[in-house]
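After this come two complexes, each holding chain A, first together with chain B and then together with chain C.
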Partner chain A sequence: MFHFLQFAATRAALAIITLIMVSFIVFSLMELVPGDCAERYLAFKNTQGSQISVADIEAERVRLGLDKPYVVRWGKWIVNAFRGEFGDSCILRLNISQLLGEKFYISLAICLTSLLIAYLIAIPVGIISATSKSPIVNNSLRLVSYLGLAMPNFLLALMIMLFSTIVFGDSLTGLFSKEFRDAAWSYERLMDFLSRAWLPVFILGWSATAFAIQTVRALMSDEVGKLYVLAASARGVTGRRLLWRYPARHSLGPIINSLGFDLNRIFNELPIVALILTLTEAGSLLIEALARSNDQQMAGAIIFLLTASIVGINFVTDIILALTDPRVRRSILG
Partner chain B sequence: MTDTATIEETDVNVDQSAKEAYFTAGQGQLIWSRFKKQRAAMVGAGVLILLVLSGLFAPFLTPYDPTIEGRNADYQNGAPNIPKFWDENGFSFRPFIYTYERTRSIETNFRWVTKVNRDKRRYVVLFPEGDKYTLAGITFRTHLFGVDEGKIHLFGTDATGKDIYSRTFHSINTSLAVGTIGVLIAFVLALIIGGVSGYYGGWTDSVLQMITDAVRTVPAIPLFMAIAAFIPDTVSSEGRFFIISIILGFIGWPTLARRVRTHLLTERNQEYVLAAQLCGASPGHIIGRHLLPSFTSYIIVDLIISFPYMVLSETALSFIGLGLKEPVNSLGVMLQNVTKADVLLNYQWNFIPVIFFIVLVLAFVFVGDGLRDAADPYADTKK
Partner chain C sequence: MKPFKFIKIGLPVCAGIAFTLLQFGFAGEALAMDCPAATVADPKGVPAGKYPQQYDRDEFESLAKCKLSFKANPDIAKLNKRIRGNPDLPPLEQRIPEDALVVAPYDSIGKYGGTFDMLSNATEAGTSDFLAVRHVNLVRYSDDLTTIVPNIAKGWEWNDDYTQLTFFLRKGHKWSDGHPFTAEDVEYWYENLSLNPKVFEKPKNYVLVADKPMTVDVLDPQTVRFNLPAPKPGLLVHFANSYAQGFQPKHFLGKWDPEINPDADKMAKAAGFENGMEVLSNYYGNSDWTDTPTPMLRSPDKVANLPADTMPTLESHILISESTEGRHLVANPYFHQVDTAGNQLPYISEQDEIFVNEDEVRLLKLVNAEADFKAQSLQLSTAPLLLENQEKGNYTVQLRPEVTLATLGINMTHEDPEKRKAFSDIRFRQAMSVAINREEINQAAFFGMGEGKQYVGFTDSPAFVDDKWKQYYAQHDPKLANKLLDEMGLKDRDGDGFRELPNGDKLVINLQFSVQGVAAALMELVGQHWGAVGIQSTVKEVTPDEYRSAQSSNKLDVTVWRNGQPLSIVLGTNQIFVPPYHDYFTVRTNMLWAEWIDSNGASGIEPPDYAKKMMKDITAFQSTPVGTMESDKLGASLVENLVENLLFIGVVQVPAPIYHRNEVKNVVEYKTHSFEYYRSYPYRPTQWWLDE
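Presenting the complex of A and B:
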């Protein structure tokens, strides 16, 4: 037990170090943006008719703490970030945690659901395609996974929009109907959300599934030919029981290990899919912050949160792996 | 009896010479012979070569300039013109299209309306003189095809009247160029970082690996969207093109660096490395001259596999307006306006270029996969 705690603590420490490095990258990026928050805010005020002088900008800088050295501001930012506080948005002058709040969880839920569905499909399909000798099954599965790789999610989203506009006369976009957009959560709102959220889940899951099938297939076909599988079948274990108990269990480890990177890949696609489907969640807020308003505080917060959830997943999968894989378990439990 | 004996003998001879050829073949020949056996990869390679050539010779193959210079002001948002051989007015050996006329009168409520004049045919001609272009430093005016009067738009035109057919071919060119520069940058970075990390090992390796892992954890596209957002608007379109290629290069390096490192870690304890070290060779010389050549084929395969991701990332960046911009043509630039309901409902030909890109990416994936299998020295023994 002590060894396990030690292992968990090391992993947690590593995760935090990674997050600190990531925060450095993100924070430096935010600093690279031409113009800072004070200038941006006062430029906005300028358009409202009030006269702004250089002294005003300096005063605003002092108020926001922008006059302090780089390292001090980074330290402050990261301490706040770990508490879930990202300060105020540069443009909207509203608290970022409040602006993001629900939207970030919706994004996370959509991405995790598509990841889950991807593996629910990929594990049986990958096992079948690795063990089946039929060329029809193999080639058609190969074609599907190639299409998943070659057709990036945003092109798929565009195609679905095109198709549904022609056939149904509705482009199937958005996450909520008009009447529920700002309503509080209720049963009706949840149903409305689910009736629209399946499309982004499907689109994000599309290439994730293709990748997952490839991974499962490669791992399984490596394992199926090994001697321990032959030995098990010599002892009389056959069929599904053989596959599930021997090679499938063996290839589970690398799959659990790769979950974090799969989530990374889904996050890559999220903003663009969100833009096309006009979803009102974190991905589209990120694009808005970057492409339209140059809101570095908001963009930094979103990228940091996305990365933090990947680091979190990596940590959890490490722990799960330690618990499920007897080899790892033994090495840490002693 | 004698007949069968000679046949057997020649069989043995053929077998012998085949074996000899096999054992004396170079790495390249072995890979090629394995690659040839894979039908999907060969088809992919054929398509790929065709697309690359059509991208390179895009100015000649397409009738018009893809920028605003070559636009057809009289035919905006125009439907594709499909050449015909016959209609109710009779048959013609030369394919033709109809003349489109824009009219505005009291009947059309004073709006510009495009009308098809089926009586006025425009015949397709080969090698007409048209917009100027430069290929390999020489200026030409001749294009592969065109029509005798007015303009032909095989894939229709976009909202400003630019020919979608011409733009598609030119954008293949752009994608390939962006991908090549991106892959080269990723390659150099990966070689330096992965090379140092794998060759020295120890704590250098640990630190570099930690940095690589941290970079790999950040979702690349959002991160690079952020970098691309900071390119000032004053940068020219060519400058933008290079910056975007460099950004794409930065997306690709961590995976490649890891591969280089793993290979070096296993190779660096070999005796030939020790021999070189004892001869007084510098680390740079050993990495570049002895270690890297031992897995060049893997690196090439990795580069080809990462190519389509570069192309797709560029498309994604340009699509959301953070990548390339007009007048540079790329798929992402062309797709910028297609999410409007108006385009979705009425001008679906704006989506034609997507087909070309899916084919391009698929071809790359097939070739990459085929090459990966072919470069694997254990591929023959595995099956």
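Presenting the complex of A and C:
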């Protein structure tokens, strides 16, 4: 028990340190983008007929605290970020927390659902594929899985949209129908959301599943041939019981370990898919902020939240791993 | 109204049909109150009034010899309930002005109902296409784009020397919340908003005459007068084609201004705001643009404490919900227009706008008929796909000429002194202009449907524009370009195939653009043509927001957008001849000249003499009645200075598609594809209806 608590505390501390370090990198990247928030803000004021001089920009910098040293500003940003406060978007001039609001949770939900579905399919299928001797099963699974790996998500999204436009006359874009777009959450709105959210989940889920099947299959193939499995079967343990109790349990460790990494991979793919399906969630907002409008505040906030989610999931998976595997618990740094 | 006509013709006819006549006579009696459903296509014998396609109520009733009885959208009470803060509706007669504006629909009297679907790019980007559909102003350009006709104002009057402009308003005209609209609302917009430094730090050019403010007199509740410090015949034009409406609801916005209402700050604090002006800014956006975020988007946590979600309007529709995904509107129950059958407009009950910032997705949605209308952001390159699917998607595409053409402004006030020096050399701009192969761009990007041209400011080429300017340095002549660049000392020193600046620094021109401004293929080709004469460039597409922000903060080497205005617009606004040569939302160049002028020489860069001459000329031009010798001389001088110095390099002028679904009725053929007359406003979208 003591070992476990020590392990958990160390992990939690490491997670926070990681987050702080990542936030520093994020903040530094934001600084590298040409033009700061004062300039962008005043460029807007200019539209209101106000004349902008260098002195005005300087004054605005002081007002926004941009004249303070880099590290001081980062300190302030990180303290606010941990409180969920990211200030105003430079371009939209609206509060980021209010703007992001549920959008980030929607993105996270889409990614986590894709991840969940991927492993629900990949674990049994990967085990079957690793142990099955049938070439038909093996080859067809491999084909589906390679298709998922090789086909770019945006292409899949475009193909589905095109197909749907031609056959059903609906381009399948957006996350809500217009009746529910601005409505409060209700059962009907949730159903409406689900009737549209299946598409990004499906698209992201396919490649995630393909990837996960490959992982599970490789790990299982490694374990299945090992002596302890042979020994167990010699003692009369056979069939599904054998697979679940011995090689599958061993293969599970690395998989749990990589969940955070998988989430990151799915989230990386989300913005492109979201952009094509005109989903209004955090992924498309991120790409808009990074690639097009150079909205540093917005991009920083989304990246920070994403990193926090990944670090959080890694922490949870570490704890689960420690619970399932005593070897992990004993080594403090895992 | 056939029976009516029949009686007039029928009476002297022989007695053989007397019996029939009697029957028609009865019918005629019963219908004498009703008016003929005159349309533009079939006027039903109603003669034209003072202005094309529309009448005052009295005028119509006397011309058509009938009495209008009014009918409203059957769902209007339900729609009204969705406008938060609106009281229950009084009867229709009290919602329409006594002298309502009677408009003749183009083809048919419409049916009420339906939702008009629209695409924009983002909250404040690519929206004017949709704003213009519900827009109103004091007056309007008729669809011939030359006649100015009444709209909110019933009429107007100039004094002899164009220094007093009087507007007559409609008695009984009401805001969308039922509060009377009067001359004080015009005065309020001018005195308390436009000239208020707490709202606009500096008055916009369009509220000034010869850089001086006007004064506004309220003569009576329906009469308001602008007193101009100098003649400006173009002021009326401004109220016809500008997005900026010459009135705002004093009863609603005024109560948040501490100078009008001493309790303003107290009320604002009670609602959770810092002060009254903050609430005012939440509603008005401190901008005459009608797409600035409302409290619904700006202060979603506090909007419930405010009396209404958005400020009242005189437009055909009013906003009821808004998010970062889109907006939703319902018909204004107090709209001042009726059709010739007495039906209150608009016919269309609701409007819905969603934001799509991806060209391909926008195109897919249009091919799929998911929007009812679209013109802005559609460029010629989308035409083949749109045209091919017209029948299947049950929509129509009109290819109409743009009044603007793609232009490049080379930044002569660049932050980098070496670049500034090179860019300020006229030879550089001449070389860059002749390096461009306009015919290749026309063939490759515009199917040969465009025309390579130099930029001359007045895009409708009035008679005073000398022909020589239209192709000035617009020929493709890479040899000449190379010669000019060599003369300047821009030589390739490191042998990488590209020229360096005279001091040896690398010269890479950053060509940032937004497809809302110009086609991507055009920019790619310009980049290649410049590369062919040794000028290296990087071509990068960005969002309109990002482009505008970079442009106005003087971050660009070259500014790129569609540019140019017809004579009628230049008469009202001087911006294309005064640094920075246009507004924030389109193309600007030489930002630091503008700063020098604004700061009276305290900061920025002093503009050269020709720029100062243009500023003097445009002020004189606007004060001189158009068509006179003096006016033509000033116009010619403006064009000469503008073109000879290549402030902007013109590329190709092209047509562009205007899309509408066939279910949208009463859409007339557009004259141009342009922002300059405020997009659809001349073509009266208030009489569109949905046949679904």
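By our rule, the second predicted complex is superposed on the first by the 327 of 334 C-alpha atoms of A that agree within 3 Å, B and C clash if a C-alpha of one lies under 4 Å from a C-alpha of the other, contacts with A are read in each partner's own complex, and residues count from 1 in each chain.
One rule holds for everything that comes next: a residue touches a chain if its C-beta (ideal position, glycine included) is under 8 Å from a C-beta of that chain, and two chains touch if they have at least 3 such contacts.
Since this is a predicted model, take the numbers as computed values, not measurements.
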Three-chain arrangement built on chain A, chain B and chain C clash or fit: clash
Partner chain(s) touched by A:290 [first = chain B, second = chain C, both, neither]: first
Which of chain B and chain C A:17 touches, first, second, both or neither: first
Partner chain in contact with A:161 - chain B first, chain C second, else both or neither: both
First (chain B), second (chain C), both or neither touched by A:257: neither
First (chain B), second (chain C), both or neither touched by A:275: both
Touching partner for A:99 - first (chain B), second (chain C), both, neither: second
Touching partner for A:80 - first (chain B), second (chain C), both, neither: neither
Which superposed partner A:39 touches (first chain B, second chain C, both, neither): second
Residues of chain A contacting chain B in one complex and chain C in the other: 34, 161-162, 165, 171, 275-276, 294
Residue ranges of chain B touching chain A (in the complex, touch as defined): 210-211, 213-223, 225-227, 229-230, 232, 308, 312, 315-316, 319-322, 335, 338-339, 341, 344-345, 348, 351, 354, 357-358, 361-362, 365-366
Chain C residues within the chain A interface of the complex: 123, 200-205, 286-287, 293, 297-298, 300-301, 321-326, 328, 352, 354-358, 361, 364-365, 367-368, 370, 542-543, 545-546, 548-550, 552-553, 555, 583-585, 594-595, 598-599, 602-604
Complex contacts: residues of chain A adjacent to chain C: 34-35, 39-40, 42-55, 91-94, 98-99, 161-162, 165, 169-171, 173-174, 176, 178, 181-182, 275-276, 278, 280, 288, 292-294
Touching residues on chain A, where the partner in the complex is chain B: 17-18, 21-22, 25-26, 29, 32-34, 146-147, 149-152, 154-155, 158-159, 161-162, 165-166, 171, 260-261, 264, 267-272, 275-276, 286-287, 290-291, 294, 299, 302-303, 306-307, 310-311, 314
